[in-house]
Every structure is written in structure tokens, then in C-alpha cells.
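Same chain, two partners: subunit A is paired with subunit B first, then with subunit C.
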Partner chain A sequence: MEQSEAMVSTREGQFAGRRRLVGLAAGVGLVLAGCAKNAPQDTFQPAGSNAREIDGLQRELFYVSGIVGLIVFAAILYAIIKFKDRGQDIPEQSHGNPKLEILLTILPAIILAVVAVPSVAAVFKLDKKDNDCVINVTGQQWWWEYDYVQGSTCGGVEITKSIVTSGELVIPAHTDVLLRITSRDVIHSYWIPRLNGKRDAVPGRLHTLRMQADQAGIYTGQCTEFCGLSHARMRQAAVALEAADFQTWVTNQTADYVAPEADTLAATGEATFVAQCSRCHQVNDLLSPDGTPVLAEPDLYVVSGAAPNLSKLMTRTAFAGWTFDLISAECRDKLWNAPPDEFGALYLQGVTPECFDEANLRTWLRNAPAMKPMYADPTKLASTGGKTRGMPNLNLTEDQIDELIAYMLERK
Partner chain B sequence: MAIIERPATVPAFVGDASASPPALVTPTAALGAFKRPVSTTGWKSWVFTVDHKKLGLMYGAVSLFFFLVGGLEALLIRLQLAAPDNTVLSADLYNQMFTMHATTMVFLFVMPMAAAFANYFLPLQVGARDVAFPRINALGFWLFLFGGIFLNTSWVLGGAADGGWFMYSPNSSPLFSPSHGIDFWVLGLQITGIASLVGAINLIVTIINMRAPGMSLMRMPVFAWMQLVTQFLLLFAMPVITVALFLLSFQRNFGAAFFDVEKGADPLLWQHLFWIFGHPEVYIIILPSFGIISEVLPTFSRKPLFGYKFVVFSGAAIGTVGWGVWAHHMFASGLGPVSVAVFSAATMLVAIPTGVKICNWTLTLWGGKLWFTTAMNFAIGVIVLFTIGGLSGVTHASAPADTQQTDTYHIVAHFHYVIVGGAVMGLFAGFYYWWPKMFGKLLSERLGKWNFWLMFFGVNLTFAPMHILGMQGQPRRMVVWPKKLTGEGFFNLGFWNQVATVGSFTIALGVLIFVINIFVTAKKVEKAPLDPWDARTLEWMTASPPKEHNFDSIPTVHALDEFFHRKYEEVDTEDGPRLVRVKSAEQILAEEEAAGDAHIHLPSPSYWPIVLAFSLPVIAYGVIFNLMLSVVGAGIMILGLFGWVLEPSVADDSDYDPPAEGSGPSKELASIG
Partner chain C sequence: MFTTGSKLFFGATALSVACAVVFAASTGGPTGIMGTVGLLSLAIVFGFLAGINFFNADGNVPGMQQGAEYTAAAAQPPVGSSMWPLVAAVGVAGLVVGAVSTPVVFKVSIVVVLAATAEWMVQGWSERASADAQYNAGVRKRMLHPLEFPILGALGLGAVVYAFSRIMLSVDKESTPWVFMVIGALIAVGAFVFAGRRNASRSTIVGICTVGAVALLGAGVASAVQGQRTIEEHPTTSGSALCLEGGTEVEIDDHASQDVSAKSSVIANIFLQSNDVVIARIPGFTDPEDNFSTITVPRSADVGIRFHNDSSSPQRITARLGTFGDAAEVVMCTTVVNPGKEAFLSFKIPKTNAASSTPLELVIPGVEGQQIAIVVP
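So, the complex of A and B:
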């Protein structure tokens, strides 16, 4: 990277004699070292048109900065070696050279003009909003909710029924989708580095951000506006699928509710879910034993007024602000590194029994705030009128946890 | 102190019969009848002083203490981030730690340390005997000290502020930050803010009105110029943050709704207010350091600053354009493309005057006779490190690129190169350069070199890897960073995080050596020469440390770098004109002393600045815990104000102890010489 190169000369500039060689070696080492390989959020590896637009601009800026840096460091290095006190006369007390000064003022102005023009052009290019596929993205402490707008056409697939999901943003590949971003509590920021820059989610405001992925795959991201206690544990991913796979995903997401078979552990789990979880978490079309629909009312219990929809939890690979994996590390690595033509099929399998990482979900259900710091201590909720921020500890028994896990495993 | 009457003949204690000055004065009666704290020795001579040099030293000592506190916070942050999913700090504590690290370093170290240098050296550099308003100067120091202590007591009174130093709303509302931390933060910054504001007015008036005869603005040292620009920035920026803090205070403590979205507020209001202050603040932090190295580089290059006028005007230009770029902190906030494009272009404009400065410093070295003292090392270090920070700044002046870089470690790398590499290294250049002036002893150059190289390496080791971390997707303000996102290969993000942690401890070692150097130097008996660096400006034309009244006679200035031109003259030789030394510093000082002024009037010490300053934290504690306490504080404030306005600027005869039997006048008389 240019910065590292700049450092080489930095070091070089400061060393004299023997030390200079050590510095040079250290600097060269730094350049060779360069960057991590396959970092999932590497902005230098754009995977879509918007991120590529930025990457082109960014590289140009790094090259220009790097070259200017090298020239400055070369000049300093030359000066400190050449003009070291070797007993020469005290130099002429000259106060400068106006012509040179003016030149050195105009030169950076020209360089900056050269980089300013494409920057400004890119600002407007990235701001386009002419899209058929619109997804509402809402941030809250500490997770993202997606709401696929009914009537949108995404990559040729019509969204006939609103889909509400969280954590993983599933989009058709090769297609520009428009995110409409807002927040229910504090400011958050939506960022999928390999697909586009950030856009803040500000309560009371609606901001847009375009996403497009060149090929099927998973692109991870992170909330980047500091949003309180569990800011570090508010993550997200965009999953790009080929058109046919995306159609399959949409069909599955909008499919009717399938109740567990009677007398299974999962069936008991359904009752436990209704009793313990459904106040906040929605499972679409779920009916209570007396036949009335079970409707979550998170606005009564949670400050943000929302909790993740769990209808299709096991089609996702992580939970709780996309922080804790639902699948084992091997399965995750396999999915993340799957070639584009195999990715879709693998992803659509959802959380399979072989891949399911039970430990995470179990720990979560035992005591969620211990796993992810949240303001959920019931004794300290005076200022919120008793509402929690994040999921409180429900004091579930191990049996209840077994039942809930069995029930949840079928939500796919 | 007080009035110094110079006897016609011998410099001794003034007054006819010359008893030695009374050591202590006993206050005997209440308000208005209190005797002035006129003692020149002991703790009272510090606590009630209005001497700009003593206040400068106290500013420096307290800032240095807060530097160590902020550094400790930084080390804890780096320890937490040394490994993925680490557990050194809890999420709650981590959030408090990075909030207070930034707050401490900006408001309690860099700004007051720059104020320390300004206090001590501005009057000396412009040939004045003190600042324009000495009691207000004392008030500024005590407000800074009490504000800093108040802010840090939050650690033990329910937790420090946890909203980040930018304190974005609505995350800063009581609903989302129920502890008192943010209240402490808001009120603490109000108190230190008053210190900055009164300091700014004081120094501006001093520079405008109290320059020595002949010192036109364009003969003023660059340090004084940069401080002048800084003080104007403070004068206009502090009121903005004051308003913002009041809005937040009223929202948190009295139920106002300025940032309450449900009642129709727009959270971006806070961002605009904060950054209209916050961006000029960046220049408030960096310009004093630019001033310091603009003194150090010419001194050790043995030639004047290259393009003095360009450096001065580019400093003023930075101070002007700096007001029009605040929204570049908000490129991802959703301002809309037109605003973003305008602010992006404006931000690039700032790079031009900054570039001018870097070129001028480099050209100052060019053709010089370079003497690599520790001060010079630090100054060159500033050019190098600030250039890196400036250039990485250009990479996010471009708004689309910034939407990738903002809120990542790339930004952390950028502003630490600017603040640590630019501002802090510049302050260290100032320490090594001016130490012999302040204390009459030279800091050890041997330890100084260790200090410099450890810090220089440490800064690069800590912050260079952060460029990589940020560009490869590690955001800021994360208590944990998961292993699965660190990438592959030996040089993965986990490795670079470890390198940064090692680097931070390297810096800490450098700072430790500086602290050791202070103690070693304090024990040294050997005095520094009067003019150890063959310096160029007025502050070197007086004794080291300077006398209480700075100059026996106010020098008349004939040129930029007056002192240098008194020492050297151009002589024609066979090989053309040559600079030859014509006088030593001692000779010049002796001339000045011989021509000393007969009447030197200095303001007298006062109880009231510290009393008035003390009332503010009392009021602030009251706002947080019990308003009755605020009433008590208000009482102290009224007492302080009354005492202050009724007090004459010069102590009355009756403030001094009765004269010893048969000895002449009672007025306390300070030593000359």
C-alpha cells in the first residue's frame, strides 16, 4: 500500500548511516507484508459496480498521495543529509523565494483539481435512485431489519407479499437494488464494504443506498455508527443469489406456516414459543391454541419497538445482530468460500442438522444479556418505563430451551 | 511583584532601606479588608499568582498529568484490541474508555499544553511583561484544572461518559445513556470551555496591544502568529460548542427536547453544531505545534523561516477555510449529493495552505547548517508524520472514498498521524527547545534521543498498520473484533492489531523516558548557557528562567528574528559577504539590564480567580446531584465576583506587613537581577 511505501521513506528520511539500513529493511518488510488475504470486508476487493466506482477513485487518490509523499520525503532526506552541520558557514539569511512559493501553491491546487473533478462526478453517480427493487432497511439496537416492499421487482422476481427478515440481506445478483434506510432509536450506519460505502440510518429520516453484486456470494458488513453498548455486535451481511435461486428464496420466505407434527418436542416448543417469546418475536401465521392469530407487540416491551421476525430463522446463518453463528465454523467457511455457481444451492439449504451449531443458540436462550451486553436489567429500567433494549434473561428451564430449539430448527 | 522600583545604582531590593521582602503576609480581615496574597515564595505564591510564567508552568504540569491519564486509557484500549474477541475491558467500560481517551487528550492535554506554551512564551516573544488580563489568565488555569478534575471524578461517581467524544444525539439522551457520565462530560467541557474562551480573548489582546516597540505584525515570530490564529478560532468555535452543550444539558437534566426525534427534532442538528466547533478544533490543536516547529526549524537550520509571509498567510488561510469544511465529518450522514459535493471540494482546498507549510519547512532546511538536537528531531518528525497524516486526509476529502473510509481504523490512523505525529511531537519539540528558558537547565539530549526515536517508531508502529486495518474493513469503536473477519495469511488483521498494540507501548516507553528526563534534569546542578541554541527571538534576550518582570527594559525591535540580528552582522570578506558574530547573548542581556526601566509595574496576586473558578464545579455537581448545591456554588461565585471587581489591580500599601522597625517604606519590593 502507498501508506507503507510512504513509511519506508519516512524511516529512511530519519536514519543516518548504519541505522538507515535497518530502517530500510523494516520498511521493505512492511511493503512486502501488505495486507491480509481474503479479509471479508476488504474495501480493496469490490464485488459490485458501486464499490468498484469508489475503488477506482480511491486507488487514484492513494497513488497520487503516495507519489507526493515520496517526493516530499525524498526532499527532506536529501536536505538532512546534504545540509547537516559540517562546520560550513552560517547560511545567507534569505527569507524565501516568492516565485518558487507561488509555484508550490499552484502545483498542489492543480493536483487537487485533478482528483476533485472525478470525486464530485462520483458523488452524483452513486446517488441515483431509479430502481425497481426497493428494500426497507431499519436499524435498531442492535440489529437490522429488512422489509422487502410488496410490488417491487427484484431481478425479474416480483415480490407479491412483504417479506420481513433480519441480519442477512438477500438480493438478486447482477441487479441494482435500492435500500431505504432509517432507524427506530439511535443513529446506525449500514455498510457492506465490498458492495458500497456507508449510509447512516437516522431516526426520522430516510436515506437511500444502492447495492449491486457481480456474482452470487456472501458479503459481510458491520454497523459503523457508534450506537451504544453492543455496537460491536451489530453486524450484517448481504447475500447475492442468481435469479432462479432468488426466486426459490422468495417463494420459501412467503410460503405458508407449517406447524410442527403433533406430539413432537417441536410441538411443545410451539406452545413454549407462544408463552415465552411471541410477545416480541413474530412467527407469521402462527395461531394460538384457541385459534386466534398470535401477534407480537414488541412496542410494549422493547425501547425500539421491534424484535426480529423468526418465521424463517433457520434460513439465516447467524442471529442476534448477525453476531453469533447458527452454523458450525466448518460449514461457515465452506459457505463463505463456495464458488459462485455452487453458492446458491448451499445457501438455500439453510441450517441443516449437520451444520447446526446448537451451543450458541442454547447459551443465548439461557441468558442473552450475558452473551451480548444489552440494557436488559429489569432493576435498572426506570428511565425507559420498564422497556428493555435487547432481549432480557427469560430464566428458561433447560427443558424449555430444548423445546424451543426443536421448534426453531423447523423455521426454515 | 507589585511595583518594582529600580534604585539608581545597585540592583538589589527596592526601596530605600531595602529590607528583604516579607516572606508571608497574614490576611487579617474579611472581604475588601483581606490583605493581598503578596508573598513571592511558598505555595501561596503559586496558588494566588497572576504571573503568566507561573501559570504557564502550572498549565504544563497539569496537562502533562492528563497526558499520562489519557495515555493509560489508550493502552487499555490497545490491550483490549490486541487479540480478537478479547475480554480485558467490558463493552461498557470500553465505550467509556474511548470516550474519555479522546476527551482527555483533546481538551485536557493538547489544548491546555498549547495554552501552557502560549502563556509562557507569547508575552516573552512579543516583548511584554505579562498578558493583558493577568487575573483572567489565572481564572483560565483554575477553570481548566477544576473542569478536568470534575470530568474525571465521573469514573468513581457512577461511570464516565460513554457516547464517544462526538456525543451524537440521540444516543446521548438519558434514555440511551442513563448513567451520569454524559452529564459530567457536558458540564466539565463547559467549565474548561470558559477557560479556553477567556484565554483566547486575553491572548488576542496581548498580541494586538502589547507588542514591543518596532514589532509590527509582520515582524512577529511565527509561533505568536499561529497562536493568534488559534485564539481567534477558539474565540469563534467555543461559543458553538457551548450552545450545543447547553442544549444537551437542558435535554438531559431539565426535560428539553432539542434532539428528541419523537417530538420532531432532527438528530443532524447536533452533528452540525458539534462539527462547526469540531473542525476548527482540529486546527486549534495543530496550529500551535506548527508555530513551535516554525521556531525550532529556523533556529537549528541557522536561517530564517523560508517564506515567512506565506507561512503566516497560509496559517490564516487554514483558519479561515477551516470554517467551511465541517460537513466532511458527515459524508455518510445523508446530507444529499449537493452538500456533499460542495464540502468535498472545500475540504480539498484546505490541503493547499497545508501543503504550502510543508514545502516551506522543507525549504527552511534546504541550504541550512543543520544541527540535529532533540528539538530538531521532533520538528523534522512533525514534518514527516504530518505529511503522512495530511496525505491520508486527502484520500478521504473525496466524499465517495470517504464513505468507505469513515468510521474505520483508516480514519483513526489519519487523525493520530495528525494529532500525535503533528501536534504532540510538535509540543515535544517545544519542551526540548524551551526547557532551558523555563528552568535554566538543559533536558538530557541523550535521553532526549531515546525519547524521540521511541516515539517516532512507536507512532509509525501503532498507526501505520491502522491504515491497513481500516481499508480492510475494521471499523472504529468496536470493543471486540471477531476472528472470522480478520482474513487469512500471516499478515492478517489480527497480526496488525498486535503490531499496533506493541507500537502503543513503544510510545508509552518514549513518554516514560521523557518523564525520567524531567526528573534527571531537575536534579542536575549544571546550568544551561544563556543562549544554548543560538536562537533568534526575543524570549532568549532575557535571563533563564526569566525574571518576574521578563525584561529589565522592553527591547525595541528592528527586524524579524531580532535577537539573531543583534548577535550577527554581515561583514564583507574576500570571498564575499559573511555573517560574523558580533555579540554574545550575555553582552546583549547586560546591555538591556544596564538600560533597565526605572519603574516596572506588575499586577498583584489575587485570591479571587481561584475562588471564582472553584464555584463552577460546585454548581455543576449541584446540577447532577442536588440543585441546592448549585445554590451554594452560586453563592461562592457571587462572593468571587464581588471580591474581584472591588479589588484594585495593584496591591495597596496596607496589604503588606508593617515594615521592620525603622526601615523605610512598607511596600513589598521584588528583586531585580
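So, the complex of A and C:
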């Protein structure tokens, strides 16, 4: 009997030991999870002056709050150990200690006053007024659109013609860029963690956010305000290019439309695009067979009244709210990890035939809502007057998909 | 054995199941499915409660106990007459009347019938919850007061708000501040008097409050019957004729605000300078030399501009927002802005300017050759 009880006791002890070990491992794992080096959306790896300002502030505050936290935890620990119930008499109970209470009021007030100094200074620094580029950023379910102010200069580069793009915000490196952020439908929030804090995109309002990237590269982010079904698939990136590369990018974006060669699959794809896609998607300067401009009218079909401009789709690396890659994983890794002096040339290549991830685009064209959940079921659109939120399934044939892919590959 | 409580819940379970069957048979589509699921869920809840009551055998007594026919909870006579059968009857009559007259009466009657049934049911149960009448009254209060007080409070507040709003809408515009002040003052004075006279009897205070409430409700009903005052419709600045003619002032211009608070949320500031030259300044471009003659506006987005009139004469700004298809040109404008003042204009352009047969631009009627082009990419 005693032997049996001893065995049970031993087993319980082993279980308790294992539980402690598992708990310890989980705790250590949790802490170590914050130490990822390759974390593209890590706010603790600032890559621009604005983000660095925020990072510096949070570090200062962390030191202050860390010391306060340690003192509080030490006091709690002391009280727990000192007054642990060991069967002793209850300590003398007292109420009210004016000196202590005054001290505990003044001390936090002084700490908060000290903390307020760098906080307010950081707010003013982030709100600095000098900008060398202004870009309009418009959010909608579930992608971001960027348009560059016609007639302005951006990092010294003249914007002679409107540029409308989506997903990837291309900016000149080492340049103070002002984003003017709004929304077409619901509230979104724009955040590129390594370049600055987040800013809400609110319909009817323009909110400003300043960005500056230290070096060429790609900086990712995502919508940080819940905005409906595919909120998690509303991603974005800021692509910083050196001045010469940015000039090249602008020149390419404002270049005239180049029609596909006659009697090619791409030429057939152009006709398919006009018939199937141009109701919502704009390709600049595209003409219909009778010579009239093909103008998209997303306001008739989409709740937000907008759809991504596809004029230069293949100059971007991802599509559909920057959720799905247009380039293969290998090419993406190469681009993302390229040294700053090589990044621009690599990025400006756009989607090359060798790097093209056809499967993603093909699956998307086959049935977009199956790939990214959207409100596009035609039987459930009564409340929006038949308008969709996102892209519907166009029921394209495989031949049409081949044609469209051939046409799209030339949009760069 | 079946106890008082379990009988109630078994009955409610059976009723819920019956309703679910009828609803499922009579209503199709998603509504039918959701309603049936809801009613079946209700039946499960009632069944669960019935089971608990049955298991616990509340208030049940052994049949052979001496004098149980007098002392058992179930043997207690009703405490007094109940008003709920009468209320339920009025509700049922309302259902009939509502079914052939207006849906509002029908819906209100449903609420009345449900409320009366719930009250009647709980009263019937609580009066036989035990042999102790005082305990039974306490049980009833514990069950229903958490529901009755908030609902009656909300209804009372709603009635007061409704009556007050009717009064304010019926009196003429100039008198409304006085009416507001007088009623507010009366309430404040009344509260002070009550607070100062602590020995005032409860019935006196209740009486005065009742008279006040009845007076307010009566005045509200009378005002509702009389109808609201005539609210004049002022002309707006919409319409191309007004917006495109320079120098024309209309009545609304006399009432226009000459200041704007939305300073940080505009896509452009448009200045009519003292030399009658129009320039656009785009927030973000801080160089004083950054004067634009073109503004870029995202399509399908609500945007605003701020117009500053730095000229010597009153002017308005007009937005010519395009002519799309067979529709007329979309034109809107601000009210007349006095020298040194400003106005705000909000608009949304759903299509690219390439789709318009007329230019998209901001103009100052009467100031020739000065316009700001609008680009909608």
C-alpha cells in the first residue's frame, strides 16, 4: 500500500516536473519569437527617419516604463514572500498615510512629465512640413491605389502625366514624401512599419503621413483597420528607388501605350481585355477598334467606384491587394534580399518571362473570389444595387485566360 | 411528478415546437430556416428549464402529508385580481384591429400581448411559489423588476423626449429658446424645492411629478395634433444657372458662413488673388512658389477644396465636374464668399476626365481666363 502511494507520488512529481518544463519552454519560445531577424514588417527595424524617430521614442519610454515595472514587480514579490500565510498572526492593519499618498501622486506625475518631453518633441518632428513629393493614397476594399500629382515634382523628377498604380508605392529614396490618405468606402489604415507609424484612411477626409527611406529596397505593410471580409489580404509595399532609377520608373509609367503586335496571342488578348475587363480596369490610352478611347467605368460595377489600373501591371511584383505574387518565390527572394545598389535595376526589370509566376494569375482569372474572398456573388448583391466589393468570377474560358495572360505580360 | 414550474416550462416547450413546425411549414427561404432554428433553440432552452424544474421538484409535497391540501404552495389561493388578462385581451383586440387597419397597431399589439402573457405567467407562478405570500411577492420582484424598471424607464424617457420634441417643433422659431429656458427653469426650480424640503411627503412629490409629466405629455400630444410649424425651404447653390453667372446673389448667400474649419482635410486650396489671378496650392507642397493650375483628384472619392477670396469683390467658386454620356453637365458652387473670407466645396467625380465631353475645372464666374483644371486619372 505504502509502496503504491509512493509510486503515485513519484509519478505526480514527474508530471509536475514535465509541466514546469513545458511551461518554461513555451515561455522561452514566446520570448524568442520576438527575435526574428528576417521580419519585413518589424517596427523595431526602422529604415527611415520617421520610423527611427518612433523607434527612438519607444526605446526611451521602454527604459522608463521598464524600470517602473521592475520596481512594481519587486514590491509585489516582496509582499508575496514576506506576508505569505505561514499561520502567523494577521499583521497590524492601518489605513491612510498622507505622506506616502502624496509621494505616490507626485512621483508618477513627475515621471509622466519627463516622458512627455520626448513624446511631444517626436510628435512635432514627425509633423515636419518640408516635403519633396506628394502622393495621393486611396484605400478601398481590399487594395490601395496611388496617384502622383500631375504637374508636381517628386524627388526632383517631374510628373508630367498622371500616374496611377496600386499595391506598390514607388518612392524616391532619401526623399521626404508626403502621403495624402483617404478611402472610397470604409475606414482602412495605411502602415509601412519600417518607414513610419500607421494612419487611418477615412472616406471624405485626407490624412497625411510622411515617409522617407534611407536606402533603396522594398518595405512591406498591410491594412491595420478591420475593413471587411478580405482585410487580412489587403497588403501593400513601399518600394524605394535611387533618384536615377526613380526617374526611369516615372518615364516608363508615363510612356505611351504600346499595342501588341498584330496576329499574336497578345493582340487577341487585347480584344478579350476590352470585352471582359475594361468595364472596370483601365489601361491608359487603349483604343477600341473604332478608334475611341476605352474608358473603364468601375463606378457602375464596384461599390468603391474603382478598380486597379493595369496599364503597367507587370512593373509590379504582386497583385490583388498585393496579396499574390506575380514573380516566383526564387525571384522574389532575390529581389527582396538584393543589396541597395542592385535593387533598383532588378526591380525595374519588372516581371520577366523567367520570373513570371503564371499559376497565381491564372488561378485568379479562373475564379478570383475563390482565391480571395470578396462580396461578388451575383445572387447576393441586392443591397448594393448589383455592385460588387472586389472582383467577381468572370467565367473566362481557358483560351481567354491564355490570351489575357499574354496581353498582360506586355503591360510593363 | 410534474410540478408548477415544470408544467409551465413543458407547456412553453410544446408551444415553441408547435410554432417551429408552423413557421417551417409556412415560411420558406433563409427566413424560414433562421426562424425555425430560432424557435427550436427556444424549445431546447424551455425543455432544459423544464427538466431542471422536474428534477428538483419545486414546491412538491408528499401526498400523504397531513394538511398538505392547505399548506402546499400549489394550494394557495390567488392573492388578488390580476390586470394582465385584461391587458392581454386589449392586446388581442388590437391584433384584430391592426390586422385590418395599420401594421403599426398590429406590431404594438404583439408587444402588448407578449408582455401581458409574460407578466401574467410569472404572476401566476409566483403566487404559488411557496405558502409564504411575502416570499412570493419577493420572488416576483426579483424576477421581473430587472426587466420592468429599464423598459418602463426607457418608455417614460422616450415619451418625455417625444412630447418635448413635438412642442419644440410646433412653436415658432423665435419662441423656441424661451420655451426651452422656461421648461428647463421649471424643472431646475422644482428639483431645488424638492431638495430643500426634505420633510415633504412622498405623495406630494409624486403628485407634483405626475401633474408635470401629464402636462408635458398633454402638451406634446396637443402639439403633435397641431403639427409642426412651417419650415421654409431656402434655395441651394445647386444648378448651373446660378453657379455659372457672375455677380448674381441669391437669398442663401445672405446666410452663408464665411469661414471654414476643415483646414487640414482639403485636396487643394484655391486662391482668388487680389489681382484676380486664380492659383491652387496643394497641401504638402510648402514652397511659396508651388502654385498649381492643375489639381489631381482621385476618382470616386469624396474630396473637398477650400476657396479663399482675396479679391476686393464678393465671389463664388464653381466646379464644373464634367458631362458624361447624355446627362447634363454636373455643376456645383459655393455661396458667395466675401472679400477676405473663405468657403468649402465638397464633390466626388466618378469617372476619369477623359470620359467627359466638357472640361473639368474650377472657375470663378465673372473672372475670365482663370481656371484650375481638374485631372481625374
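FYI, the second predicted complex is superposed on the first by the 368 of 412 C-alpha atoms of A that agree within 3 Å, B and C clash if a C-alpha of one lies under 4 Å from a C-alpha of the other, contacts with A are read in each partner's own complex, and residues count from 1 in each chain.
Rule of thumb we're sticking to: a residue touches a chain if its C-beta (ideal position, glycine included) is under 8 Å from a C-beta of that chain, and two chains touch if they have at least 3 such contacts.
What you see is a predicted model; the values in this text were computed from it and never measured.
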Fit or clash - subunit C, subunit B, common subunit A: clash
Touching partner for A:130 - first (subunit B), second (subunit C), both, neither: second
Which of subunit B and subunit C A:149 touches, first, second, both or neither: second
Partner chain in contact with A:205 - subunit B first, subunit C second, else both or neither: both
Touched partner set for A:349, first subunit B, second subunit C, both or neither: neither
First (subunit B), second (subunit C), both or neither touched by A:304: second
Subunit B versus subunit C as contact partner of A:164, first or second or both or neither: second
Partner chain(s) touched by A:254 [first = subunit B, second = subunit C, both, neither]: neither
Touched subunit A residues, subunit B compared with subunit C: B
First, second, both or neither for A:282, with subunit B first and subunit C second: second
Clash-bearing segment of subunit C relative to subunit B, given 94-102, 130-138 or 328-336: 130-138
Footprint overlap on subunit A, comparing subunit B with subunit C: 203-205, 207
Partner subunit B, residues of subunit A touching it in the complex: 1, 3-4, 6-7, 10-11, 13-14, 30, 33-44, 51, 53-54, 57-58, 61-62, 64-66, 68-69, 72-73, 75-76, 79-80, 83-85, 88-98, 100-101, 104-105, 108-109, 112, 115-116, 119-120, 122-124, 126-127, 141, 185-187, 189, 191, 193, 196-200, 202-205, 207, 220, 222, 224-233, 303, 329, 332, 373, 375, 380, 383-384, 389
Residues of subunit B defined as touching subunit A within the complex: 90-92, 95, 162-164, 168, 170-171, 174-178, 261, 264-268, 301-310, 332-334, 336-337, 340-341, 344-345, 348-349, 351-352, 355-356, 358-360, 362-363, 365-372, 377, 380-381, 383-385, 387-388, 391-392, 394-395, 397-408, 413, 456, 460, 464, 467-468, 471-481, 484-489, 491-493, 495-496, 560-561, 564, 568, 577-579
For the subunit C and subunit A complex, residues of the former touching the latter: 264-267, 282-286, 290, 292-296, 298-304, 346, 350-352, 354-355, 375, 377
In the complex, subunit A residues that touch subunit C: 129-131, 134, 136, 138, 145, 147-152, 162-164, 178, 180, 182-184, 203-208, 282, 293, 295-299, 304-306, 309
